[in-house]
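Please see the structure below; I have some questions.
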Amino acid sequence: MEQLRTDGSLRHLVTLEGLSRSLLEQLLERSQQFVRPLGEKPPQRRSLDGVTVATLFTEPSTRTRVSFELAAQRLGAKVASVEMQLSSRLKGESMLDTVRTLESLHVDVFVLRDPQAEVPDFVARNVLPHVSVLSGGAGSDAHPTQGLLDALTVLQHKQRIAGLSIAIVGDIRHSRVARSAWRVFSTLGAVDIRIVAPAALQPDADEFADCHRSLSIDTGIAGCDVVMMLRIQKERIAETAIPDSAQYFAEWGLTAERLRRAKPDAIVMHPQPMNREVEIASDVADGPQSAIRDQVSNGVAVRMAVLEAVIEGRALAASTT
Amino acid sequence: MEQLRTDGSLRHLVTLEGLSRSLLEQLLERSQQFVRPLGEKPPQRRSLDGVTVATLFTEPSTRTRVSFELAAQRLGAKVASVEMQLSSRLKGESMLDTVRTLESLHVDVFVLRDPQAEVPDFVARNVLPHVSVLSGGAGSDAHPTQGLLDALTVLQHKQRIAGLSIAIVGDIRHSRVARSAWRVFSTLGAVDIRIVAPAALQPDADEFADCHRSLSIDTGIAGCDVVMMLRIQKERIAETAIPDSAQYFAEWGLTAERLRRAKPDAIVMHPQPMNREVEIASDVADGPQSAIRDQVSNGVAVRMAVLEAVIEGRALAASTT
Amino acid sequence: MEQLRTDGSLRHLVTLEGLSRSLLEQLLERSQQFVRPLGEKPPQRRSLDGVTVATLFTEPSTRTRVSFELAAQRLGAKVASVEMQLSSRLKGESMLDTVRTLESLHVDVFVLRDPQAEVPDFVARNVLPHVSVLSGGAGSDAHPTQGLLDALTVLQHKQRIAGLSIAIVGDIRHSRVARSAWRVFSTLGAVDIRIVAPAALQPDADEFADCHRSLSIDTGIAGCDVVMMLRIQKERIAETAIPDSAQYFAEWGLTAERLRRAKPDAIVMHPQPMNREVEIASDVADGPQSAIRDQVSNGVAVRMAVLEAVIEGRALAASTT
């Protein structure tokens, strides 16, 4: 679906698919302006003054919800927080009726999270012209602000994405994080993206075009610049025919020893929440090569940038019509 | 109970019963000032600066809760949101003890919603003199801000209420929306209010004085200016001896065909959430005669007006004593 | 653990244990400045402008959570409210990983409440140097802001704590309120603190040093200045071999008749929520000697003082390094 206005400005962000390299680079530059070291005051602006943002989550995610809400508040927006399982979905009200209701309350930006991949797209097609829809993660398909924050994190550490070798490791089959990362990294010119997973967790053959596939973490991460670990669900481990978490860690966990197979200055990433000692060793998660905390911080910066971009674009569009 | 201060200003709003025509008209005029087209900035004022508003809901309602909370925030109030089933009611703390606790935290306005009709009234009788209590819907009896927003919606479309024919259709027996609508429309001079429902969902004989009763939607809505549909619960359909939702829709659903029995410029209203294809056809709900989205928008405007009225009245009362 | 910075300013508040008399007196003086009569505007400042406070509660407490959140908002902070059972703890994310995530979102102050006594202390040992941790009540051990608000309430009514007789009555064994009260009252010089409880609810012999113990409320409260009643859980009543709530009230409930055994100007306190007619008679709870509502109001004042103190101390520490 079309995420841009006719003037090329960003209106919705439900997927990174189809966004141009220059647009992604602009968003990342704008994001970088919102980054502050921890302990310093976060940036505060009034660029969303008079705007109301609603987070509408049908699956729980403290981190993503709070990240979006703080981003909106720090730009001066009012925020309405709606968890659907607690409220009118009890009464069978559909997501779209709820969105239309909130639109009528002068909510101008929706952040949606849902286990069904098509929900944000469907809603975005049906909102009023001045309204924007941002995905906070949907199905196993797309988590666009996660992809942007991953890209920003790599940029901060490597100063570029073009030419890098990036290994994505774990349950890629069911991961919206992996799909969003692949889209942003390939658009920004990473030359060597590796899909590293047990056979049962590999994506379908027609996905992740131009990526290298590997069935072993040991060979999969060899010589790479970035090791991006994914969260593994206990139920998924069972599907791989690996007997338990301990055995999964032995075969697939990122340990300090394994990490030495990557480049000496490789960074380690994880979208969180982590299963420590299942997919990643605690000393690696908290170690000197870990960029995991930067990812979280960059999340707020990216969300501020996206919120500001969609509202700024709307104001420009309105002034020229 | 007495909802007005001795100077005649509004202190509580727990029912529309007993409020004068001139007071209702003042509230509706004030509400109209807070209406803005969607896409424009909602009005923002500081008239509730230093005031804390608490929403205290023991039954879920995204729409009403968010509507009150945005209304309060846009007037500069601080908002505390309390859902009782999630918190100390677990410990058996009574509603009134919770209200007294929040009063002591300098909460000055309470918005209460409860399945028991008498709760807001009981609380209003027991709060401190400077505190106001607003009903966000209680039992099957009263939902006063819904009544006001319904009146405002009719006024916007018909420029008057006096003299209109208004049909209220569906589960009137259990509906606080119907009772509040009847009170405001009859006070404001509607000449012909029709109670249109299957026998099992008709209210008791001593209720809805001076209304016409009808056991058929086809005759009930004939020639009317306003068709106000109500939500029907599945459990209630069973009580009517109608076998299922599909049959209910066939006998009682508002379809485009049926709507042609009303006046050509009749408007369609619904308090939401809707059961599409049960009490109302989707094409009618979203069609040109529908005022349903206006109702939601008007809800914020009405709640801003009521909040401002009770606080303004308090300030005046304080300055003259 | 060390709650003070090297310059002596307060950084964390997870227990009152070890805090000096002069520090407690400073906090209480600062708290008193935030007290306003109900009906007047609560104080509003900008001293937490740019600061984000997160409440992170794993057990429900409307009063304490709202009290902290309003305190933070009235000082100009942004607030993120996280109830763990509703969010990522579902996924097995540990409290500390959640705290680290929120730290990375520029949350600077955490208010933690947990059934496990050691949680706030553990978190405080592991946060970044600029971050403060406040306990909102943990386990049966510590509820430091409750202790401070109890002390402030006594000071307002008695103008001193030194030399007073204070009876703490009820389930002391399991009460963090009792332990925090004992710490603050003994540090501030109360000469006669009485632990009044059935044998099964008495604390261990090595706790509550220098307190008098009593197995009867009638003798325990005789001649005292302050009667502090505690909440009793139904399960705990069973442990005392008292058959039911009615019998507990007969043997241990604070009635108007019993209260006459205390000094004529004795005040009655209760941390709430109350079990009326179980541990306290309703007419005593709402009677002229009751200071229960003052306790709640003082809670916001104390929390504003503590929040301002930790942030002010941080700014001073930063400016001198």
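Note that the chains are named A, B and C in the order they appear, and that numbering of residues resets to 1 at the start of each chain.
Here is the rule we go by: contacts are C-beta pairs under 8 Å (C-beta built on N, C-alpha and C of every residue); 3 or more make two chains touch, one makes a residue touch a chain.
What you are looking at is a predicted structure, and each value in this text was computed from that prediction instead of being measured.
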Interface residue overlap between copies chain A and chain C, same or different (over half shared): different
Turning angle required so that chain B lies on chain C, C-alpha fit (0 to 180°, nearest 5): 120
Separation of mean Cα positions, chain C and chain A [Å, integer]: 40
Multi-partner residues of chain B (each touching 2 or more other chains): 86
Complex contacts: residues of chain B adjacent to chain A: 36, 38-39, 41-42, 44, 60-63, 65-67, 69-70, 73-74, 83, 86, 272-275, 293-294, 296-297, 299-300
Complex contacts: residues of chain C adjacent to chain A: 50-52, 54, 78, 80, 82, 84, 86-88, 90-93, 97-98, 100-106, 128-130
